[in-house]
């Protein structure tokens, strides 16, 4: 019986190469897989992003799907642990047999299973990380969001160093993400004369106490502090710096760029800078195109979607656009062609437009620099930026 | 019930005590070897993971189950094994070099911990090993020239005789063969003086000393062997994940190993496999079952660890000595079938006495 | 000098938190010889409960705090009565796994109930004071004061009250305690209740500083190191160990950032290498 | 017909792990009497006491104590009912002082004066303890720990005292002292006792009646004289050598092997 | 020089002298009993001989070896075996395994041979097994051979601990209260075995004992310890009538 399965699977393979139908695709359904953190330290991102993406797919499905196909997502919880992620991907690729993975969270996770999934001809769509190492090298089956952490930080640090700051400090998490931030600062500082990286300190994601680090920075006398942090360490780290009377500018990446950080009670994050892929959108001032999403999200989960929700929704939106472009005859090739055909796709939140191409799978290279003012992220400006 | 007539002391030395043993274990190995023919990719992947964890658990069992030294830091040896293996493969060596080196370096790591650890016991040892693992993780994060630091490191596929082991069933068989070999070595240790000395040290350190056993030496030996086996498992874990960062080898991984062997049943080789299979089946089962549930339940974020925790706690609350002892009960139920008495395994009231008198 | 005092006072207040959590560990260990690996998660639950009462249900802060302590005390007792009691006297390992499992459940449940977005409690003690150039958050001063007060109460209680002595007796020889007519089960549940309440207090004190989220429980590892440095099972040891851990951290971060992450643990290993049973050893030689 | 017994055990069966340690034991203890249970190693004597006080749960049978069915009660509840238990193996609170140990015995009692009086009473019977009143119990010698355990049980003012091997591992002098105290407690204070003892010689000297247990069953019971005069008991429990020489005895054992 | 010679041995715990300037010597092939009240320091002497405790002062000499130069683990190798007052068996192992641990000092197989379980290990194991079976036969333990210690009654455990000590093939056997917890019949049996051990196996025996009838039956010489000091030493009849021993240990009631 099982053997028979293998034979039919083999036949299916043959069929696939003939371009009839890919794994995870039937006449009325297309199956996507997401392995993300629904619990554990990164659940803040994983839960919101996957919930927001589901809202986009629900909208499409209610209107009859894409070319008659309903979009279904199999959601796996990797708890931000690589071994569990590898197991989850094994399930998605080999048991659920998904058509493509999408919105997979975490830098090490995406790096771990990329080879395996490409070998199985399963596209990797819009991983929930803007790490440099996940974006490069490009691959025919890989499509990413946009500007990497590396580019975000180089852009921001370049901007500050060009406007008079002379010494930088870095506080970063002991992780691939933190290492990328440190690298970016080091590289950028090297390109300017008369400036230096004076101090750097790392911390564990679970650390809660930053007085020591900040006292060290105060002693080092830096006038620019770069945070390779996520949400909680951004808030408490920044609050500690200000409490100790440190007046240096503090800048964080996309990972610490969330509406909740800006709106933290007591205004303790006032003045914090962030470099990110796009602007933060607030539902009360969102463009009309985003209203439906805002309302649904709020009705379902009782709060406004944060930036991670916006990203998740955007990712889903791009996938839908790609599927539509791919046409009724859905194969891996047609999907990738469809995605590459996305051009000047206006973002639902009215921030930026998205374009991909046959030799551009990286998405937008816009970096936005924002600052917290009166409890909200306010965009100070944006630029197309890509480091060599 | 089987009655054994022994005609020769040698019978007690055999691993398989009677023809039934030979038959069933032989069959088990055959089935495991044939599994790739029967099962499809997903299940082979799952089985590979279970085998790798079983190997790591086997290592931990040597030191914790047989020698009574708690370790909450075995992820450190997985880390050392994984990185060593990956580094040697990256330098172009074959697995023939990389695997033994992984075992050897973990062994050296084990030796380093064991010498101070042999003086500690109980909770102090548990925490000391836990802390050792945290420090090793930290060091791996800082040695970026070798480990790639926190940015991580890709792992090449295993190489044997210039042949790349790339297919999932090939890796499965590779792991299986090494695991069987490691199990045989552990069984050999257990039936020889060293193994008895380990158990002696575990059950009563003073009287083992009075019998001429050097507890320090035995503990160090157990730790070293344990580290070597766990290091091998780490090497395979690297192949399973294909990518390494130090954070993978955190506390949670150490805890999972301990969880596995306690759940399986401490102090028996069977326990290792029961534990590995149980945890594997549990995780796989929960993850498949949640798709079958309505999304209002199955889709709840965090449902998987919750269910896992609840099952874990229930198992321990009802069977504190692990699944293996449940199996023993079931087996004796079948052997004594009509006259079996339920009460004979009823849990009596037990009372705690301070262990502060050592 | 200012810098030194600044780090020291922060270290002491952080150390008090670790000390409080370590105290929770030690109390349960003393009463039942169990190491409660879910202690950190009980602290996390405590701060969430406080958040619900104060921020969500709008209780005034000074009412919300005692209410939280009561809720968590009941919860602690319930955990003992429903689950932990079953494994008392079973092998140590079973107990370790049981509490690890409880930790998993608590974390997952907290994530499901309160979500993963960090929360905070508006407390009337927020803000900061500065003396001679040293800046210190008011909540940190409160932490130090509350810890000192609590330790005095607990010490007096254990030393002089009949219940306190009975608790010690129970931990030393459960069967003999039963035979003496001491209500052992009630006492053990009470210990769990007190330990849970102490952790909840630590959680509330910590909430304004670290924000509340389900993974906060992992802080328990440092409290653990603190308890071990002090000699597991010794209450003054727990506080001393907590202070040592708390003080090392900011100094390491400020002056030797490269080893900051491991410094606490390195110190712990050094202590254990010199005194394998911690500063206040609790293990006595058995009579042969 | 005499009054109904203070302690009445009917047909109890207890498992110890997979082993059925006692198989249907019944016994009576009347108020003011000393009853001893004799038997070899592994006969189940300790298990009987543990089952009576609730430390073990019987599979079957009932324990009635001063009119109350206390079967399978928790031991602390039985203790509050007036059952004092001096367990085998010197079970003291090792890190509490002698005084604290004794005070724990009076845990459920009110009235400081009475408790102080009883403390004096204990020191009267065990003067050795008085000298070490502030010493941690773990520092006492084996015999003193045994006395402390007994003293602690006395502090409960129990209606019945269960004594488990009070002479185990004690020097001949201490053994006779302990039995002297047992005798005096019974005759001066009227304490009822159920005594488990390996040293049948001593036990029968002080007790009124006795039961002989073998492999979990009562094989013989009767008053002291009946027991003392029974030739089997004389041989097996009192160590009175028959006129058989050593070689014969050894042969006798060989004969029964396997 | 005597077989076992103890000179001016002292040790204190928490300032209290537990053993105070004790000297005695034991002839090869004799049975030597140590008596004295509880807490007099008898077991402490054994623990000093086993090198579990470090003495304040004194000398321990066993057939030409200075014991104080050795560690606890080396004592068995010299041929000194012992039992414990409160039994220190390996609870979660079978009787056979317990006894085989007694053969540990005779193991000379390297660790890698044991890992591979080579032929030489098999042969050594069979040899150990033969020796162990001799002891099993001697103490009539065959019935319990494959049972777990944790399920066995006290008296049997006592015998197993004796058997385990014999597996070392010792020259000197230290027995800590061999009869405690045994009934008269079992005690008598224990006496027979002690005699057999001395006579058939030619092992010198030192025992700590409270049962004076057993002491009288088996011992050649008796040492009485009171409060950590030697009260008297001599034949059992002599010691038993010594006034200090009577007042501190035996009491008026015999």
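The letters A, B, C, D and E name the chains in turn, as written, and every chain counts its residues from 1.
Quick note on the criterion: contacts are C-beta pairs under 8 Å (C-beta built on N, C-alpha and C of every residue); 3 or more make two chains touch, one makes a residue touch a chain.
For clarity, every value in this text was computed on a predicted model and none was experimentally measured.
Asker: Which neighbours do chain B and chain D have in common?
Answerer: Common contact partners of chain B and chain D, which must touch each of the two, are C, E.
Asker: Spelling it out: a chain qualifies if it touches chain A and also touches chain B; which chains qualify?
Answerer: Common contact partners of chain A and chain B, which must touch each of the two, are C.
Asker: Which chain's mean C-alpha position is nearest the mean C-alpha position of the whole protein set?
Answerer: So the chain sitting closest to the middle is B.
Asker: More C-beta contacts across A-C or across C-D?
Answerer: If we tally the C-beta pairs in contact for A-C and C-D, the bigger total goes to A-C.
Asker: Measure off the straight-line distance from the CA centroid of chain B to the CA centroid of chain E, and report it in whole Å.
Answerer: 40
Asker: Can you compute the centre-to-centre distance for chain D and chain E, using the mean CA position of each chain? Integer Å is fine.
Answerer: Whole-Å distance between the two chain centres: 30.
Asker: So the centre of each chain is just the mean of its C-alpha atoms; given that, what is the distance between chain C and chain E in Å?
Answerer: The computed centroid separation for chain C versus chain E comes out at 47 Å.
Asker: Could you work out how far the Cα centre of chain A sits from that of chain D, in whole Å?
Answerer: That pair's centroid distance is 74 Å.
Asker: Which chain D residues sit where two or more other chains touch them?
Answerer: 17-19, 55, 94-95, 138
Asker: Which positions in chain C touch two or more other chains at once?
Answerer: 107-108, 111, 172-173, 175, 178, 218, 261, 284, 287-288
Asker: Would you please write down the residue numbers of chain A that are in contact with two or more other chains?
Answerer: Residue numbers touching two or more other chains: 39-40, 43, 47, 174, 202.
Asker: Quick check on the complex: what are the chain D residues that touch chain E?
Answerer: 17-19, 39-42, 139-144, 165, 168-177, 198, 200, 235-239, 241, 246, 249-250, 253, 257-258
Asker: Can you name the residues of chain E that touch chain B in the complex?
Answerer: These residues of chain E touch chain B: 50, 52, 72-77, 81-82, 84, 88-93, 96-97, 100-105, 107, 109, 111, 114-117, 121-122, 125-126, 128-130, 133, 164, 168.
Asker: Can you list the residues on chain B that touch chain E in the complex?
Answerer: On the chain B side, the touching residues are 9-10, 12-13, 185, 188-189, 191-197, 199-200, 202-204, 206-215, 221, 225, 267.
Asker: Spell out the residues on chain A that touch chain B in their complex, using ranges where they run on.
Answerer: Where chain A meets chain B, its residues are 2-3, 5-6, 9, 38-40, 43, 46-47, 74-77, 79, 81-84, 86-88, 90-91, 93-96, 107-108, 111-113, 115-116, 133, 174-176, 178-180, 183, 202.
Asker: Show which residues of chain D lie in contact with chain C when the two form their complex.
Answerer: 53-55, 74-76, 79-80, 84-87, 91-96, 100-101, 103-105, 107-108, 138, 149, 152-153, 156
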